[in-house]
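Each of the next two complexes has chain A plus one other chain: chain B in the first, chain C in the second.
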Partner chain A sequence: MEFGPILRSLLRNKLGVLLIALQIAFTMTVTVNAVYIIDQRSERMARPSGLDEANIFHLSSVGYGNNFNESVVSTEDLALIKALPGVLDATVMNAIPVSGSGSSTGVGLEPDRPETSVQTAMYTADENVLNTLGLNLVAGRPFTSNDVRRGARDMDRTQSTAILTTALAERIFPGEGMQAIGRTIYNPGGGAIEIVGLVERLQTPWAESSFIEQSMIIPEVVNDGSTLYMVRTAPGERDRLMMEVEELLAAQGHERILRNNRSFEETRENSYRLDSVMATILYVVIGTLMFITAMGIVGLAVFSINRRRKQIGTRRALGATRPAILRYFLLENLLISGSGVVLGALLTLAFNMFLVQTFDMPRIDWFYAPVGMLVLIILGQLAALAPAAKASGIAPAMATRSV
Partner chain B sequence: MLKMTHISKVFRTDVVETHALRDFSLHVAEGEFVTVTGPSGCGKTTFLNIAGLLETASGGQYLLDGEDVSSLNDFQRARMRNQKIGFIFQSFNLMPDLNLFDNVDVPLRYRGVNAAERKVRVERALDAVGLLSRKKHLPAQLSGGQQQRVAIARALVGEPRFLLADEPTGNLDSNTAEGVMELLHEINNNGTTIIMVTHDVVLASRSARNIQILDGRIIDDRRAQPKAA
Partner chain C sequence: MFFYYVRLALLSYRRNPVLSSLMVLAVAVGIGAYMVIFTMNYYMGGDPIPQKSEQLHHIQFDYGNPDIPNFEPPPQLTWLDATAMLEQTTAYPRTATSKFVAIIEPPGNEVRPFFVNGRGNSADFFSMFDVPFKYGSGWDRSADVNRDLVVVLSDELNERLFGGRDSTGETLVMHGMNFTVTGVMDRWQPAPKFYDVNNGSFDPVEEAYIPWELIISQELNRSGSTNCWQAPEGTGLQAFLNAECAWIQFWVELPDADARSDYSMLVDNYVAEQRSLGRMRMPVEQRLFNVNEWMIEQEVHPDETRILGALAGMLLAVCLLNTVGLLLSKFLGKAGEIGVRQALGAHRGSLFIQHLIEAGVIGAIGGVLGIGVAALGLEGIKVLIGSLMITEWMRLDLTVMALTIALAIVSTIIAGLYPIWRACNINPSVHLKSQ
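Now for the complex of A and B:
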């Protein structure tokens, strides 16, 4: 192989080589870190909410007239909804998981020491919540209608039951979360809460929260003017029932408006919209950078080959076969890309350290840099292939041409 | 050594058809020193290109070392150039980015010679043209005559039986040209067959055999009387 002479010859043309190598290094740095960010985001997006996501929708009812009795209407509404063929179950809740808004509270083992409490999302719902959301009960029991407390926002909450996610139970009782059934925890306000059940998973309303798996459901229906219905349907029936339910409730003639009739999937997607927009932008940036870099490599190769037509003819005259000329330019490209990706690996890690420190992201996995190096080397070889093939077609007689 | 029979070469473009060689027959024996003269455009380079396997003839037969080369493919021709033929060009054709050592090394690398042997042979060839001490220099740091000597070293390093030179002194002043000619004669005396195209009638008149080409045909093939020892 002609490794030595090619390298020495490249070192005499540092500027062009350096520019392309820098471009490759920069492309690799941006690409690898962008892919890493996209991966992080899609990992977040892929986390299950705990719900039967495909078959749930929600609808809000807001009363306005003086004759509107929320408690009566919501009971009627739920009965109407559940009677529709295709509806599996329905409940009223205070918030939608992963929707962006809801309420949180602290819970702990000691009523008077809020500083030791653990943060959790607080959902309220009636006894049908597990079946409606499709949550997986792993210990204890579901709520019964006797558990459910109904009333105004300021009702008495000194004594209550609750179902927790295992993640929350594990935070409160490290190492013995699964044995939490029957134990009592406390709100900062002093209310005692008896844990009656554990569900495998139920994400908080906030996709960005640091305690996304820590949720608690209190069996409670609060009449505060606005009612949120959650409805679970048989597979494939959701979209039809979304329309039917809204029409049915509207036909009851109550003094209220129905709004926010959406599938859970749509609501969830909206919460992650920024993530997916960002991923799209990053993909476009990566594609553009790769394209520009490939064009740069093609440009440099074409330029250096055109400049050396006579040299190539001379090499052919001296005994170089066509494959040898092809190899020469691919090897030359490999050396340029090689130095680019080595520099790129260093820049990638430096840039990732910056991301880690500035945005508190986890460190990049070790394999990102080598994979990035490989991808850019392949990109370089592919970009150099056509010019190199053209060079190998230069006639040996070029050596004696008098221009 | 070299035997051409009724060789023709036609260059076709959309507009014109150029008959660069017509009915060209020539026999060169082993160890000869043949000069080729003729006006510009008469076909000298074309003849040399075909002789050196840089181009294929349009018709006729060409035997090199007894082998009919018209049946060889591109790859085999490259191998044959590498092993049997040395080239010297008017404008030297050194690789400007390679030092003298790497320049002379080029044909040996294509032959797949191992590094240790290459070093010995490259240094011997550079020494033979008096430029070993400058092996790390770039071509641009040398005079024209010195560059041509490097090119000669490169042509000889593979010990070809057959040396082709296209106006090797065309870019040199007459003193320097004289030196290069002495070197070529010395090489010829060591048994290498040389065919040299030249413009210079004085140089041509000094060779043992001179061929004149006009319009793609040999019009004169003159052998000098053997020199008295």
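Now for the complex of A and C:
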């Protein structure tokens, strides 16, 4: 192999080598950490909400004027919505999962012991909530119409039933979450809550919360001026029904405003918008950086080959084959990229430590750096390929020319 | 001489267009990307009201329950404390403020009733935050006390309700009540929305402003984040008001350091008094924050743009390293020409200046292109963000554009120093011989 001559010629052009190696090192640092951030964000965005995401939409109705009777209108509305062909079920809720706004509380094994309580999202809905959201009941029973309490904001809440997510039950009763049916938990205010069912999964309204899987549904319909309808449709019928339902309700002539008519998918997507914006920007940064670095490698390779045209010609005249010349320049690039990625691996870890310390991000997984090294070495080889091929095409006669 | 060298630089660009364009491209992309992130950080981490940020202060009380693990004291105030602070703050402008939602019923049948995001605030709010007015003005403190049904409209809402005319003195029906318009704001959109960072730091401002006390006395629908650390005793509105539930922002304008220490004493005394009543048991390190302190305390500047800032810095470094390499090839490729110039009597100094200008010209062209890259990048980000937050502040102003070009020229010249030094030290005889 030609390691010896390559090393010696590289040492004579230290700066050129250093420039490329540094570029590769920085590119690797940015790329690997950016990919790591993208992976984390995609993982967050991929978490299932527990709902039948593709077939649900929501719509709010806000009444005004003295003639508006919310409880009458909402009962009528629900009956109208459910009668539409294509609608599977509908319910009224206090908040939309993963939408960014909702209500949370603490629940614990004893009343008035806030220090032992566990944080949870609190949803209220009528008895059709499980079927409407498409939640998977894994223990206990669904709500019945007898469970549902109806009234104003300040109604009596000393006794109620609830359906919990298994994650919440597991937090309250460590190790025996699945046996939680029939047991009683307490709100800090003192209300007793009997657990009647467990669902596999239902995320909180807050995508970035630390207790995203801990939710509780209370069978309750509160008349507080604003009603949120959740509607589940047969597959493929959602978009048509979104329009039909709004038109139907508007045609009833009540003194109210219909607003926020959106599919659940859109609402969920909005909650993760920042993550997807970040991912897109990072992809652009990675692409740009790879391109610039590749251009830099091409530029310097062309330069160094042009300087050595006579030498190449001489080598060819002395019997070196074309593949030998090609191999020489690819090997030269490999040595430069190799030192670049070693430096890059160190920089990558250092930058990741900075991210961990400054932004509380988790540490990078071990395999990111080696994969990054490999990718950049391949990038270097690809960038050097065209100039090296051109170099191998230099005629032996070049040795005899003066320039 | 300068223009002669600039002409030489342009000639040299044309002689080697691929290499030169590659350099310009590298500079443009590096600087452009950096300026996009710089602009975002500049505003998101910047001072939203520079002329007053030292004077405006928010209060942080010792809220929470020490028994609840990892409890962060909520940054807003409870109703009890907000009303007490309003009463006790007599010497300085102050405002309690919180959000509400309501339905406006326009007269006639042309415009359907619609939903607005509103804000309740004290009379001083408008002068404290330098709110610009198009017509009329805010209300005075007596309207706060008397719970007058008065309203200030945003420019857009005035457009929608009154076709943009001067509507002061007219009435509108909101929440089923007749409000009298006292003023119409001009375009106003602080970014970050510093006076309320609890409900989206980059949300649009509210559309209708009314005396804050009306939210309670007229039972409007409160909106915005509410944080309770103890359940209300009993049910109903009064129980909620008396409960440990924080949902109100409170700002006071303290003209100087004396006023700040004076007011700080007042707050400390109030806390001591409340503590003796069994409240405020969670000690905090600081109770008065000016705007910039508050923005830092509330972590308004998103991690995302700060991370991107570090990454963009490295992107710029790669582009400049690239430029060093390309300049090196270019200048050494000109060895023959440099040799001729030297043989004809050019000093090293003048060669140095000539190449400095050549690098500067490449930087300047790259900078101009960089402005285009940055403008394109910002537009792209705006499209990606959509309605997630207000984005009208995301633009290149003249300062940023000038900064872009300056940064491009300076960094290209710095990148060029070594290649220039190498070029000036070429031995002319070698190159003259081989010609």
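Definition applied: the second predicted complex is superposed on the first by the 403 of 403 C-alpha atoms of A that agree within 3 Å, B and C clash if a C-alpha of one lies under 4 Å from a C-alpha of the other, contacts with A are read in each partner's own complex, and residues count from 1 in each chain.
The working rule: a residue touches a chain if its C-beta (ideal position, glycine included) is under 8 Å from a C-beta of that chain, and two chains touch if they have at least 3 such contacts.
In this text, all values refer to a predicted model and were calculated from it rather than measured experimentally.
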Comparing the two partners chain B and chain C, which touches a greater set of residues in chain A: C
Touched partner set for A:12, first chain B, second chain C, both or neither: first
Using the superposition on chain A described above, determine whether A:320 touches chain B (first), chain C (second), both, or neither. first
Touching A:303 in the superposition: chain B (first), chain C (second), both, neither? second
In the overlay, answer first, second, both or neither for which of chain B and chain C A:400 touches. first
In the superposed arrangement, which partner chain does A:187 touch: chain B (first), chain C (second), both, or neither? second
Return first, second, both or neither, reflecting whether A:22 touches chain B, chain C, both chains, or no partner chain. second
Residues on chain A touched by both chain B and chain C 402
Of all residues in chain A, those that touch chain B in their complex: 2, 4-5, 8-9, 12-13, 310-311, 314-324, 395-397, 399-400, 402
Would you mind writing out the residues of chain C in touch with chain A in their complex? 19, 22, 25-26, 29-30, 33, 65, 67-69, 103, 105, 112-115, 175-176, 221, 229-232, 235-237, 239, 302-304, 306-308, 310-312, 314-315, 317-319, 321-322, 324-326, 328-329, 332-333, 380-381, 384-388, 418, 434
In the complex, go through chain B and note every residue touching chain A. 45, 48-49, 52-55, 74-75, 78-79, 81-83, 87, 89-91, 93, 95, 97-99, 102, 105-107, 109-111, 138, 154, 158, 166
Show which residues of chain A lie in contact with chain C when the two form their complex. 15-16, 19-20, 22-23, 26-27, 29-30, 33-34, 37, 62, 64-66, 106, 114-115, 117, 154-156, 187-190, 224-226, 255, 257, 259, 270, 273-274, 276-278, 280-282, 284-285, 288-289, 292-293, 295-296, 299-300, 302-303, 306-307, 351, 354-355, 358-359, 402-403
